[in-house]
Each structure stands twice: as structure tokens, then as C-alpha cells.
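Report on the following structure.
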Amino acid sequence: MKEKASFGDRVRLSYNNVEIEGTFISHENGIITVKLKSGYNVALSDDRAEYLSVTPANRPSEERSGEREISGGVMLLATGGTIASRVDYTTGAVKPHYDISSLLGEAEIREKLGTRVIDNILSENVTPEKWILMAEHARKELDRGNHVIILHGTDTMTYSASALSFMFEKQSKSIIFTGSQRSPDRPSSDAFENIRSAISFSSLNVGEVSICMHDSRSDLSERLIRATRSRKMHTSRRDAIRDIDGGGLADIRNGKVSILGRFRPAADETVLNAKLDDRVALIYFYPGMESGILSRIAEKKKALVVMGTGLGHVSEAIISEIREITRDGVHVVMTSQCLQGNVNLNIYSTGRELKNAGVISAGDILPEVAFTKAMYVLANHGEDFGETMMKSLRGEISGRLLN
Amino acid sequence: MQLDTGKLFCRCGNEAEKESISTFARKLSLVSGEMGATDRAAYYEKERDREFHYNVSDNSCLVEMDEDPPHAINQDALITAVRVARTFGSSVFDHLSVMRKIVVDGSNTSGFQRTSLVATGGGAATSSGIVRISTICLEEDSARRISEDGRKAVFGLDRLGIPLLEIATEPDIRDADHAVEAARMISFIVASAGHFKRSAEAIRQDVNISLGYGRVEIKGVSKLSLIGDGIRSEIGRQTSLAQAVSVLNSRNPGRAYNIKLINCSEIFRNTKSKVILGEASSGKIAYCSLLKGMDGLLKKGEFRLGRETADLVKLFGVKGLLHSDELPGYGIENDELEKIRALLKPGEGDAFMIVMTQPDLIHVLSKEIQNRLSKIADLDFSETRSVSEDGTTHFLRPMPGGERMYPETDIPLIDLVPVLHTAKAMGPLEDMRSLVERLTRQYGISSQDSEVLVNEFKSGPFLELNSIIDDPRLTARVLLQTIPELERTSGPIAYHDLVSTFRLAKEKGLKRESVETMLAMCSRGASFEEVKASPLIYPLSEEELRQILSSLDPGMSQSQIIARIRKETGRPINAQALSRLLGSLKDQEKKSSGGRA
Amino acid sequence: MKEKASFGDRVRLSYNNVEIEGTFISHENGIITVKLKSGYNVALSDDRAEYLSVTPANRPSEERSGEREISGGVMLLATGGTIASRVDYTTGAVKPHYDISSLLGEAEIREKLGTRVIDNILSENVTPEKWILMAEHARKELDRGNHVIILHGTDTMTYSASALSFMFEKQSKSIIFTGSQRSPDRPSSDAFENIRSAISFSSLNVGEVSICMHDSRSDLSERLIRATRSRKMHTSRRDAIRDIDGGGLADIRNGKVSILGRFRPAADETVLNAKLDDRVALIYFYPGMESGILSRIAEKKKALVVMGTGLGHVSEAIISEIREITRDGVHVVMTSQCLQGNVNLNIYSTGRELKNAGVISAGDILPEVAFTKAMYVLANHGEDFGETMMKSLRGEISGRLLN
Amino acid sequence: MQLDTGKLFCRCGNEAEKESISTFARKLSLVSGEMGATDRAAYYEKERDREFHYNVSDNSCLVEMDEDPPHAINQDALITAVRVARTFGSSVFDHLSVMRKIVVDGSNTSGFQRTSLVATGGGAATSSGIVRISTICLEEDSARRISEDGRKAVFGLDRLGIPLLEIATEPDIRDADHAVEAARMISFIVASAGHFKRSAEAIRQDVNISLGYGRVEIKGVSKLSLIGDGIRSEIGRQTSLAQAVSVLNSRNPGRAYNIKLINCSEIFRNTKSKVILGEASSGKIAYCSLLKGMDGLLKKGEFRLGRETADLVKLFGVKGLLHSDELPGYGIENDELEKIRALLKPGEGDAFMIVMTQPDLIHVLSKEIQNRLSKIADLDFSETRSVSEDGTTHFLRPMPGGERMYPETDIPLIDLVPVLHTAKAMGPLEDMRSLVERLTRQYGISSQDSEVLVNEFKSGPFLELNSIIDDPRLTARVLLQTIPELERTSGPIAYHDLVSTFRLAKEKGLKRESVETMLAMCSRGASFEEVKASPLIYPLSEEELRQILSSLDPGMSQSQIIARIRKETGRPINAQALSRLLGSLKDQEKKSSGGRA
């Protein structure tokens, strides 16, 4: 059906005998949305609305692309997510957009700050191929002498950042992921402070992949967190991404940067092993889990990461299934639903049986990080899978557990 | 005006018991509006580059902190809005589209206020004809401003998110008195639909005035009685401002109001002016600027261009603005003024001003003062103002444009059709006249009391409290006499304490005296737990009365006895029990004296 | 092969030409374990050991059963777990045991304290049938006027306690789960303080199913937590079971009980709906999750509880799969990997698509609790599944989120 | 003795920088041992019903807090243990079975110490023949006891979990001097294998003495020199104790040591005794008991039965124990004693005692005193004791039995075969004699210095430090003279500061004077950062020397000049540079005077 009006047109309609005048926004699912002069949108059922007049009007200005290449500075790479999101007027929901220059005030677009859009997805749609794409863009920037800031959705930020962390065996400049929990179309968005602080943290020259997000619900402090010790622990708060046991590298309070923990300094060169084997699944054990599920998932996989209970347990039925899976050459890595603390298969009979069944455990590695690590190890150290999983490659396993 | 339904987009209540259980701080950044443009008012606030601190009250949750998206809309508030709209004959939309109205003054943690257009059209019949209604909107109340100090403002979250029903009228109001009448009528309907439980004085109104110099909105007029005062003083202000502008424009045909703030702190190096010394001690520096053609217009007779400027700079934390119409003065001496003149070289008819501020604000301050003066010189007085208790109005911020609104994407379109059905089933709202009649007829209270209850929006509390105790006269007395008297002499009484008092009276069979004692204790700040535990509210038992009587001079009259007991115990007296006791005592006396005889 | 010696016998062996004398413990996997007089165990490879003499000796005393029935008091029901665990000398690991009276000092075995062993499993082996068994034992005790304390492994304590919470529509006395993170064979076990405090909390007469465990790493305070707002958040710490956003009901510090939050008081009667439909699965979404897994799991299920990212998101591929699953009549409930905060499907386009696909969300309900709730709702309110899931039945959904 | 390998079951280091970053508290409960029985020593501690507080140091993690099961065993420690065992010719087991030894005195957060038997047999050749080795165990060190106050004890976690190698010998030692020699020899082997870096005095030994009255273990003798003193004093104590017992048993043939503590606080209501008043002010109450047949045995001549009892009650927080052998005294007056006697009715040869304690301890205290006295009367003196700096020993707790051990279920059997291979490949450990020869030969230091280095276990540090700086004489001097002198006069020097000092000296080419200055600063408590930043440690530059010289009287001798500069600047002087400068100055002088001539 051809629309009588297009976005931005001035329209007059008669609706329930009331005259409505304003700017046409959309006509979808039987609803015509018009923005009145007062700024209010009204949503009219189209079967009761009648167009009185339509005046085609100036289209709103096109979105600026805002991309800017540099070298020897700080490069922002946008991948999508809330931080690069925008109102979608067709559905009324928030969707990704391409213009990231709008995130920075004029004063902040300095000579040594570049921006490029490398992707535009909501972070739940990220995939291992996307991680390789991000890693390759980042490598290009490192090679140009740039620090890298990757704008990313917070939902899967830990997955992406830890995947990059494993792929970058060495890095000559910092790679910092940042994002926002409130979309930047609102004045209270955390995007602005997060980006500013990520730029400040770049100067620390951390030779690890890290995450910069709010440290509290206030806008006054941000925290730099080791990618492999981070986790999103709240659906909506600004400080949702936390460091789990010793992942805090630095913080910034009222503009002042403090070092919180040891980090690997930037290296002289960059070594990127941009290979991942995505034949890995992450599985949550639950009481009464029926046998059969695991084997079916294992069919197309090279490794399963299981989130067991407590120190890393599953029920007896699942143990026997795991025994068969490992016998067929699929690696099984045990992590814990508890998230904090070490997995330890020496303590209970269940754990010992799992150990005998060939299950690998790796201290306090987080389940999501074990998942990306397994992809990296399969692709790059497949022959020593078990040993490499148990070794801390990028600070993902805390030798000493303090909390 | 506020609806007593609990908050609009979360499940927190209207009232807080603790006003600050934690705090946090935010900054607000300016963002683009829906149509790609940026709103003037919003931009204006952002220029002030401030830090906002919030006290988290116990009636707020992550939604008020802007840490959780809004929850489903409050159905009670929605139904109330639709009932009000139907009562005025307004057309209710089939869908509610919740919008974000950008407000970056910190009064909303999100940087916007959620608002939605419920209905348009309809009208209220006043004594001077029908006042047409343009829009009925349902929105969130803002955070309560607690303090402001330069770039740091403190707000409380207790009020944030309480539903507000905003009813805008067409320019059908003829004068200030008519405005008050219309406001009262409209507010009453909202109050009667919205379980409104506080005094009519608690209703906030926005008043729009247009005298040909652009629309001026007086925001948040907190009392009906201030509406008239505010309108009258605003008419006076605009009239003399227009006169000042005509003088100014005649002196300055080119309208070159070039404000250039020059550092003149050297001149005041040894000043004795306390104004300047005080501000200087907090690191501020003196700047001055020429004000072309403004001599005598800043503060002389009715002319107050000086205050128009001072009102503006105050928003940037600038306290000291001094101008040539009031100088010498404020401890500034003639030689200092001479040096200023030597610096600025004012010509005939020119004035100048001195401000104390931080150096990094100078750029924005110059620009803002110049913009404001230019706008006034263009006879465009449109802006948002506030009103003080004395009826005078003050600049708040420029009038916002329509661009500062865009859809609240976190809330899907709300289907109003089921709400309309519910509202229809509940029937129309009662108007003031028929309610007065009903109260008089149904509850047997005087028509005068009914009239006051209705006029002061106390009919809701009357009906609710009377339903507890079923004593219309006592209820009316408490609302019309006891409480106003106590609140005047002692302190405020929370509505929930009032309800608790009536419930306890019902449960324990307590009478007027006890009720009044309880309320007096509440108004002195006692918690209801304390009140309930106090012996003072319970009448003396028969045994207690007997003991006291036995110690009294038998020759006293009953009223003397009552006065004496009251004085000594401070406790209510069960009159029947007392009579009975006095009767039996007399009998005994008679008997015993008879026996002796 | 017949053993030359039995547990407890005095033996003398020659081993690498050294004479070893002690108490025979075990002979397994080619290793003879002997306890020397000094108390040390030595483990000898049997191919190098030679028995010189074997003196059959007194068998150690049999385990006491310790069971004790009462009415009008506090009844401890043991189900197994660490709190009822014991060294297993055959494997050297910790295994369940039956004697729970040893957990209480003489002074504590008071007149009004009863004990019964109703099961003896490690908690990872718990199943919905076990929950029904526990509920029925508990009901029996409530009917006899007893408060109930259920000794349970901490691994799946939240699952079991929340399942009972849903099944008990009303309860006339308190039902408190407790357990321990350190086994009671060691002096530093938390079992003793946890049981004592659970007995103290019983007197509050909370009409909800709750959990009593350590509140910090010190032995000086325990916390009573609403079952439906609890979660094991650390693999090994004593205070591993935490209340997530407002589940704290009371605490005890140095013997003093304080109320922390509102709870439902005990009712006049007990209403137990001891039915669960176990056709529910709990699934963890991860980036790159391939379509097909969900549908295969859904085949035998009536409901899936998905742990999505952030506010409750999954990738586009999974959304279309969910659309088909719900079309086939299988309920899909969305929860969040973040654990804290509300799931909200109104904010992002992904969420709206999920909502359109029929996905149910229920505020901040914890994934494990959504899992047991789904079993309860399927069995008892199957016709109103969606609406009942969204309603807070036992405090599992916080209407007001304060953290 | 401690092995410097990092902790045994986690990855924390041996040394703490911060001793208390947080604290927590625990109680310990008594549990059944492996064989179903309960151990005496463990039961004994439990009787005391105490609360244990722990300071968490920065070299401890969840494992030390007993909040995480043990991690894999430290391989370095294991290899060290096996190398030592091989050196003594002991038989190493194929598997290590880690045990839990119940210790409920709070010194282990878990309530047990992890220990494992590595080897048995073998021996050390001393000047008086071979001392056979019974067992070599690898265990965890316990927490450091910081303070103790009645039922509350405070420990630090810094030491907990450090590997200890415990070598037990057969009773082949003939006397105290032989014990010291054997201890030194055995310790040396461990020290040389275990990267031991501290003084020989830091080695803790347990000494077992058996004189026919049961085995007495003196725990944690912290210096080699105390071994002899402790043994000698223990021989004296047991001898006179046996004599006292024979007197006692002759008086009390039925051995009825019935201790019944009776409240006698009423008697001391008006006492002037400061001992009693002081304890009473903290809520303690006076109790007394008859001590049958003990008159004159409590404290007279060599007899000290009183102290045997006092040592015990101290562990229950009881400070004041007074007995009749020392009364009157301590401000207790005769009339008070008479009242006590009237209460207890002591017969001929009977004594009595008075204790101040809490009433709820009375039951356990009576039982414990009675048990202890009965055991002594049975001539069973076996127990665990500690030794003071003055060589006297004190009761710690009863001797533990074998039952207090059961398997550490959190650690699977450890296969020692690969460890044995590694140890074999590393070869045997050097004994003291051959090391002395090697040091003298290879490093050119005096045989006397070599001897002292080896005897004082400083050969490890010598080899490590010398490998940094390659200056054996300086290294020996620092270890044998500078450090002992500084530690005596100023303060201790951490080994890592010593290493840093040598590294800096190497890097900057600093000489002895600088090194000594640095160490002096360290011993005065300066951080190494401060030391490094101090100009005092760097020699004067040529330019600086030139300036100073120009201001000096040219007639001074070189040594006078050096003394003067040293006094004025406190900084090291580069002697070569000084000579060169002085030479050239003289040349100039000559030239200039020559020119004038």
C-alpha cells in the first residue's frame, strides 16, 4: 500500500471528528503516528483517521558519517550496541546507528582521535567471526600506532573482549572495550563519561584487552577491568560490568587515574593469532537434567564448557554421559554456576569421578571466558588442549584467590 | 496536579518515610532531539555544566535512579486521567504514546520527563463562560530541588515519578480572578478523581500569560491564591519592561548589546566592599562590562533591566551582580567606580555592571547575557518563570520549543480502549455544586461546612475518614477546625497518621477528646507508635476516676471537677462514667450522712 | 581377590626392605594404605609390599543412627550433602553419611529437637521427585507441630528450597534449609553454627521456606534468606549463599536475632501442592549458539527457561527458533545471565521480537527459581502459565528493585 | 624448619608486606577422628571454648582462611624434602598421603595442620656417632600467635601454610651438647636444600626428652642455642618434680586429689590485695580449693607443684593463682587466710589455693586441675611444653595421641616417583665440611669466614648475593660484619632489601661505602625506594669534589681531606677521582706558584 505521507511531511487529519495537525512520523500496524507542534506524538488507528492535507516538507538532515582515520592517536572502532544506538521510528525501539562522532563533544574531537564504524549489530548477535573481524581491525590500528577503543554492546562485551584477549598474544598498544547501559540519545547516558575515561585509560598503555565502564551508579568514576575477569552482573545498572576477583586494573575518579592491580604493559610488537574454532558449546547443568542432551550437543562440537554446581559438579547420570563424550574425543571443561571461587574436582566423590572421566577444570576461570578460551585453544593449541586450558594465558585464572 | 496513586512507572508509593538512604551524582549531556535539532532550553541548561546530586528516598527504586527502565504504567493513574478527560468532554485518544521531554536542569535523573497526551478538547463551565481545554497530559513529577550551590545542585527522589495530570486551557480566561476560579474548578475534578488527600494549597499550576510580548509560563504556582497575584505582578513587569525597551531602543537604534566582560579585579584589590570580598574569598574574580544605553533602566522607578540580568547570572552560580544604577553602594567607593569608568568609557546614557565569577564561565556568561538582553530588546519576553510567595515572578529558563520531545522508546504504545471502558463504567465525576448538596443532604453537616470541605478539596478525606468512624460531625470538625488550628500552631499532620488516628478511635471507642489529643501529639512530631502507647489518649477508667474523686473537695460542681481532673491528668474523661460516679457518691453521702443522722 | 587384611587389622609389612607396622586401612588400585601408630597414613604400592603378619583387631564402633522423633519442637531432616558428609576411606573422598546426631553437641540435643534421615545424596543428584519427598516429610512435621530444618547440600540448595517454597502455598511453621561449606569432620566446619542459628531462627515463625547459612567468613553471624531470592555465589566460601536483591529476612550476630526484611508469618494451616511437572529445561544462551539445539531440547519439554544476555536477549537465529517452539505450545521463559536486575523485553528491538514470539519474562526472578517455578506452575496452574509466571507467588519477583 | 619456597598448598609467598589487610573470627568444634575416637589434646583445647581472630596478611589467600580447599602441593618444597631425605639415606615413600593433624588451639584456621610422611630411616653422622632419623615429614607452618586474652586469641596468617620440613630422630642423642650438634647438622642440610636465607637462629626445633616419666616435647625452640638450655632446665624440672611426687604420694597413699573450687569471694569482700581487686574489677570471682598433702610442695626449695598448676589455669585466662606456700603475701592478710582455713579445714601436710575466675569456668577448671595433678602423681610427665628465652620451659598442652590424624580428603595421593627422579638428577646435598672447603677454595675468602658463613647458615645468601656483584670479600664482610652490627645497633634488614642493595650496587657500580650506607638506611626502617632516591648513597662527582676541595685549606693531607669531606657531606668518596684531583690541583699550584716565582 502506498503511503499518503512520508516521514517529516506536514499533515492534517480528521480523527474522531477532532482535527489533528502535525508532522507525519509513521504508519505501521494500522497505526498512524503524528508528531504535534507541542512535541507530543499521537498514535491514531488508521481506520478512524482521514487525511485532510499533506504538505511535503524538508527532509531532516542526513546522518553524518563522522568517520575519521588517524595514526599515533586513539582510534574508536564502533561495532554497534547501545552506545551506538538510536531510536528506530519504524518500531519505536532502540536500534544501532552508524554515526559515532555524535558521541563526542566538539571539544573532544581532537587531532589524535579517529573513528570508524566496523560493524553495526546488537551485541547479542555477535559471533566468533565478528571477533576475528574486530581483532583484525584492532591490529591494523595498533600497527598504525593507535590505541584502540572498541564501542560494543554490554550484553556480550565480556565474550568479545575475552576472545580478543586470547587472540592477541602480544599487543603494542591498549585495546579497551567500552559501551553504555543508557543509550546516548538521552542526556543521562553513561556513554559520554565511559568514552572519555577510556581515552584517559589509553595513556596507561596497558598491554591487555580491557573494559572501561562506570564503577558506581554515579557519573564520577569509571573502572578499567581485565577482559578475562569481567562479567555483566546486572541487567540495567550503569556499573553492571564488574571485575570478578582481581580483575580491577585501574580507576578514574574526578579525572584522576589510579592503578588498582598489576597488568601486562604494552609489548614492542603485536602478535595476533586470529583463529578461533567455534565448535564449542556452553551448557548450564540443572537438577534432574536428563541424559542425552549433552551427547546430542556434543555431536557437532570439539569442546563443551559445562557450568556445574558448586565446586564443579553434575549429577551421576550426566557423569556417565560425559565419560562417553570425552571418550569420543570431545573436550569437556567444567566451570561453576557460582561464578566466584575455584572449581575443584578433588573434594567430593562427584568431582573425582568427573576428573576420572577426563573433565578439565581451570581454577576460577569464568564460564563465558572458558567458552572463548576453548575456541582459541582449539584453533591454536589443539594438541595441548587440556594443559593449555589449565594454564593462565591472559590472567583469566587467578592463582591466588583473595575473595 | 499530583495523583495519589503511587508512582507512574514503578511500584513505589507517593510518600517517603526516609528522605535519604543513599546518594549518587550525575552529569547530563545534551543530545539531539527526534528531528535532528537541539532544543534551546535544553541547550541552555547544558551550558551551565553542572553536577547533580541525588538523595535516594525510601519511596524510590532503580527506576527513579535511571538505573532500570520504566515498568508498566500505573493503571489507577491512567483511569483517573481518562475519567477527568471524560468529565470535561475531552476526546481521549485510542493509544497513549509516552514521550520524553528533555529537561537537563537535573530535576529528572534521566534528563527527561515522561509525559503523554491523553486527550484534547472539551471545557469547563465557569461563571464567566466556558474555558476550553486544549490538552490533558499525564506526566511524571520531577525530583524535589533541595539546594543549589553554583554548579552543584542537590535533589531528592521522593517526588520524582509521582503522576501529574496536566490540564492546559485555551486563552479563554479574562483576568486574574477568572484564572483562579477556572483553576479551582478544574483542579477539583482532578482531586475528586485522583484520591487527592491534601489541601487545595498543595496543587501546583502552570500559568501562561500572553500580553503580546510572547508567551510567559509561570511554572509550579503552588497555591491557588498565588495564581492571581502572579498574573497581576507579571502584567506589571511586562508593561514596565516594554517601556524600558522603548527607551533603550530609542537610545540604541542599532541594538548593539555587545557584552564583553573585562577582568577588573585589579581595581578592587584593596576594596572594602563586603560583596566583592565575600565572593573573592571563594575564588571568584571581578569582571565588568559596558551596558550600552541602559543608564536609568536597570533600576529606577519601575524599570528593572538590572534584575532581568541578575536573575540570569544567578543560574550560573553568580551571586554578586552590581550595576551602575545602584552604585555607589555596597561598599564600593567612588574612586573604584572612576577606575571602572576609565576602563569601560561609558558614553551618555550608558550603564555598566560588575559581576563576580569564575574565569572559565566568562565566555558563556557574556554570550548568555547578550542573548537575553537582545531578546528583551526585541520585545520577545517569552520565557519560563517562577513565582515567589510574595507574588513576584523570577526568570527560570527560556521557553522550551517543541523539539525537546521524542518518544519514550522503553514503553510500547499503550492501548487506552480497555481503560476507556473502565472509566465509562465508573461514570462521570461529580462537580463541586452537586457534591456540596450531597454532603449536606447525606451526612447531615451544615451546608456551610460542606461548602468549605468541597472548596478546600477536603471532601475526599472527609468521605474516607467518615467511612472509618461514621461520625460526620466529628470528621468535619477535625478537618475544618482541629487540623488547621494544629498545623498553624504546632506542626503538620501526615494523612496516614490521620487515618491511623481514626482507626484507633473506632477500634477503642475513643471520643473527640482522645482524637484531638492524638492529633495534637502527631502535630508535635510524635510517631503514631508513640501516640498509641501514650496513656494520655485513653479516658480515665472508672476506678481511676473514683480514686481522684475521693481526694477532691466534695463541694465542687461537676464542671469544676472536670476542669480539675483535666488539669491534673491531661486525660480524656468519660462524661457518662463521671456522672454515674458522682451520682452514686452523692447517694452514698446521703446514705452515710443519713446513717449518721 | 581376597584381601589379606580388613579395615582396622594390625598389620606388619615389608616394603622396600623397610618394616611398616600399623593399622590396615584399604587396598585399592594397587595401593595398600596403612595407618602408622604416629597417625600418618602411608600408601604402599602392593607389588613391592609383603605382609609379614596380620592381627585381626577390634572393629571400630558402628555408627549410631541418632534418629529421634518429636512433636511441638524443631525437627532436623537430613537429605545428605556436605553437612551430612564423612570421609570415605575406600576412595579417600568425602561422601554422605547417616548419623546427623553427631552434628550437635550434647548440650544441644534438647528435649524438643528431633532428627530423621530422609535421604542421603549429594545435592547435585537431587531431582524433582526428591523435592516432593522432602515436601511431604516437611508437611508431616508441620502437622505434628514441628518447625522443620532441612539439612541439604549447598550446591542445589536454592533449587530445592525454592521448589518447596512454591509447593507450600501455606505453612503453619517455618521450614529452613541449612548446610555447610566445610564438612563436619573438621573442627572449622560451619555446620555447627549454621544448625544452631537455624534453630534460633525457627522461633521467628517465618511462614516461608528460607535458607540459613553464614553471613560472612567469620563464625559470628548467620543470615536467613528467602529461598526464592537466594543463590550460591561462591564455590567454597562459608558465605557462598547470598540473597540477591532483597531476600534477606533476618540475621543473627553473637546470638542476637535481628529482622532485616518483611516476611510472611506462619499461617494457621498448611497447604501443600506436592506436584511438579519436571518437563522443564534451563538453557544458557551464548554468542554464536547454533539453531537446532533449542528445538531438540524442547521436543520433550513443556517449558524452557532461557538465560539470555542483558535485559533478556538472544541472537536473531535463536529468536526465530523460539517463535517455532512457542507456536508448538512449549512455554519459553526469559531470564538473564546477569542474575541481578529486571528482564525487560520492551527496551531493544531484540526484546520486542522475543515478546512478539511469545516469550514470558518475570522481572528479576532468578534463573534457577524460574526453573523450579515453571515446574510448579505447569503442574498446578498450567492453564494460566504465562500470567502465573509473571505474578510473584513467593516473593520470587521484586516489584521494587532497590539494587 | 621453614622452606623458602612459597607456601605449601597455595601460591602465596613466604613473606608478607602488609600483616593485616582484613580480619575475621572463627570458632572450632571438636570432631571425631578417623578411628571414631576423640583425641585428648584436641579435646583439651575445645574445653577452653574460645573465639579465634585472624589478621589476613597480604601473603595469604582463601586457602589460609580455610575458605578454599588446598591447591596442588608446592613442587619445590616436595623436591627439597626428597633431596634432604636422600642425603640422609632415608627411604622415601612412593606416594605422599597428606594427613590432617587436629589442632584446635586456633593456630590453624581449619582446625588441623596438613602434614605428610615423606621418608623414614637414614641418619646423620655426628662427632659422637650416627644419630638415626625416624621420620621426615613435610607439613604446613601454623598461624603466628599475636595475642591472647582469656577466651579470645589473635593470630596472623602470614606464616600459616609455609612448608616445614620436620625431621625426627631416634633417641640416639646423649646430652644437651650432642643435641645442639645434631640439630645444627640436620638443619644445615635442610637449609642448603631449601633456599634458606635467614640466620640459623630462625630455625625452630622440637626437642623430645624422655627421662622415664613419659615423653616431653619442647615445641618450637626458636634458636639452636636454646636447645641445650631447654634440655638442661627440663632435666632439672622433672627431677625435682619426681621428688615432690614421692613426698606427696607418701602423704596421700590413696591419691585422692579431689579438687573442689568453692566460692570464697565473701571472705575477700574488703580485701586490700591488689591481685584480687584487679581481677575482681573484670568480673572474676575468688574460688579456693584444698590441695591434699601438698604443703611445702607448691613452692619451696626446688619444689614447684604450684607452678605446674598455674601454668595450666593460665590457659583458661586465669591470671591469679595463689597458693598457701606463698601466703600470706600479695596483700592477703592473716584474718582472710584464717577464714579460708576455716572454710577448707586443711589437715596436716595439706595446702590450698585461691583462683580468680569466671563462674562458668569452674566446672571445667576443677576437672582439669584434678586431671593434671593426678597425672603428675602417677609420674606421667608426658606433655607438650614451650621454652622461654631464659631456657625455662612451660606447659603448653597434653601430648597428642596418634588418633588426632586423619586423611586430608581434599588432596589425592601424590605420586613421588617423578619427584624422586628429579631429586636424583640434582644430586646429593653438600655437607658442612665440604662446603667450607669449597667456599675457601672457590671464592678466596678466609677459611675462618667460610666456617662462620656455613655454621651460621649464611652460605646460601653468600652464594646468591655474590652471584650478583661478584665480590666475595665484600659479600662476606656484609654478611658477617655489616649486617650483624647494624641489626644489633639499629634494626633488622629484610633479605629482599639486601638483594636490592646488591643489585643497585652492581647496576650503578657502587662500592662498599655505598653498600654500607644503603644497608644502614634499610636497618633504620627506610623503604628501598627511599634508599635508592637518597643522594647519600652515591659518591661525590668529580665536579662536586672539585668544588669542595677549592674551599679547603690547601695544606691538608689527603686523609685529613677525606675525613673532612666525609664529615661534611656524609657521602661516599671516589678515592681514585680524589687522588686525581688532588694531583692536578698540586700541579696547578706548582704551575701557578712557579709562574709567580
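We call the chains A, B, C and D, going by the order they appear; numbering starts again at 1 in every chain.
Operating definition for what follows: a contact is a pair of C-beta atoms (placed from the backbone, for glycine too) under 8 Å apart; a residue touches a chain by one contact, two chains touch by 3 or more.
Just so you know, these numbers come straight off a predicted model, no measurement behind them.
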item: Furthest chain, CA centroid comparison against chain C; value: B
item: Option in A-B, C-D or B-C whose residue-number contact pairs overlap A-D by over half; value: B-C
item: Chain pair showing more contacts of the two, C-D and B-C; value: C-D
item: Interchain centroid distance [CA atoms averaged], chain B/chain D, Å; value: 73
item: Euclidean distance of C-alpha centroids - chain C vs chain D, Å; value: 44
item: Computed distance of Cα centres, chain C from chain A, in Å; value: 32
item: Chain centre separation (chain B, chain C; CA means) in Å; value: 54
item: Where chain C touches two or more other chains at once, by residue number; value: 88, 93-94, 236-237, 311, 341-342, 344, 347, 352
item: Residue list for chain D, restricted to those that touch at least two other chains; value: 62, 68-69, 409, 412
item: Overall pattern in which the protein chains touch one another (line/ring/star/complete/other); value: other
item: Residues of chain A touching chain D in the complex; value: 311, 341-342, 344, 346-347, 352, 399-403
item: Chain D contact footprint on chain C (complex, rising order); value: 8, 16-18, 23, 31, 33, 35-45, 48, 60-61, 87-89, 92-94, 102, 105, 182-189, 192-193, 216-220, 236-238
item: Residues of chain D defined as touching chain C within the complex; value: 24-32, 34-36, 42, 46, 51, 62, 65-69, 91, 93-97, 99-102, 104, 109-112, 115-117, 120-121, 135, 137, 401-407, 409, 412-413
item: In the complex, chain C residues that touch chain A; value: 82, 85, 88, 91, 93-95, 122-128, 153-156, 159-160, 232-237, 240, 278, 281-290, 293, 296-297, 300, 307-316, 336-344, 347-352, 364, 367-368, 371
item: List of chain D residues in touch with chain A within their complex; value: 10-12, 61-63, 68-69, 71, 409-412
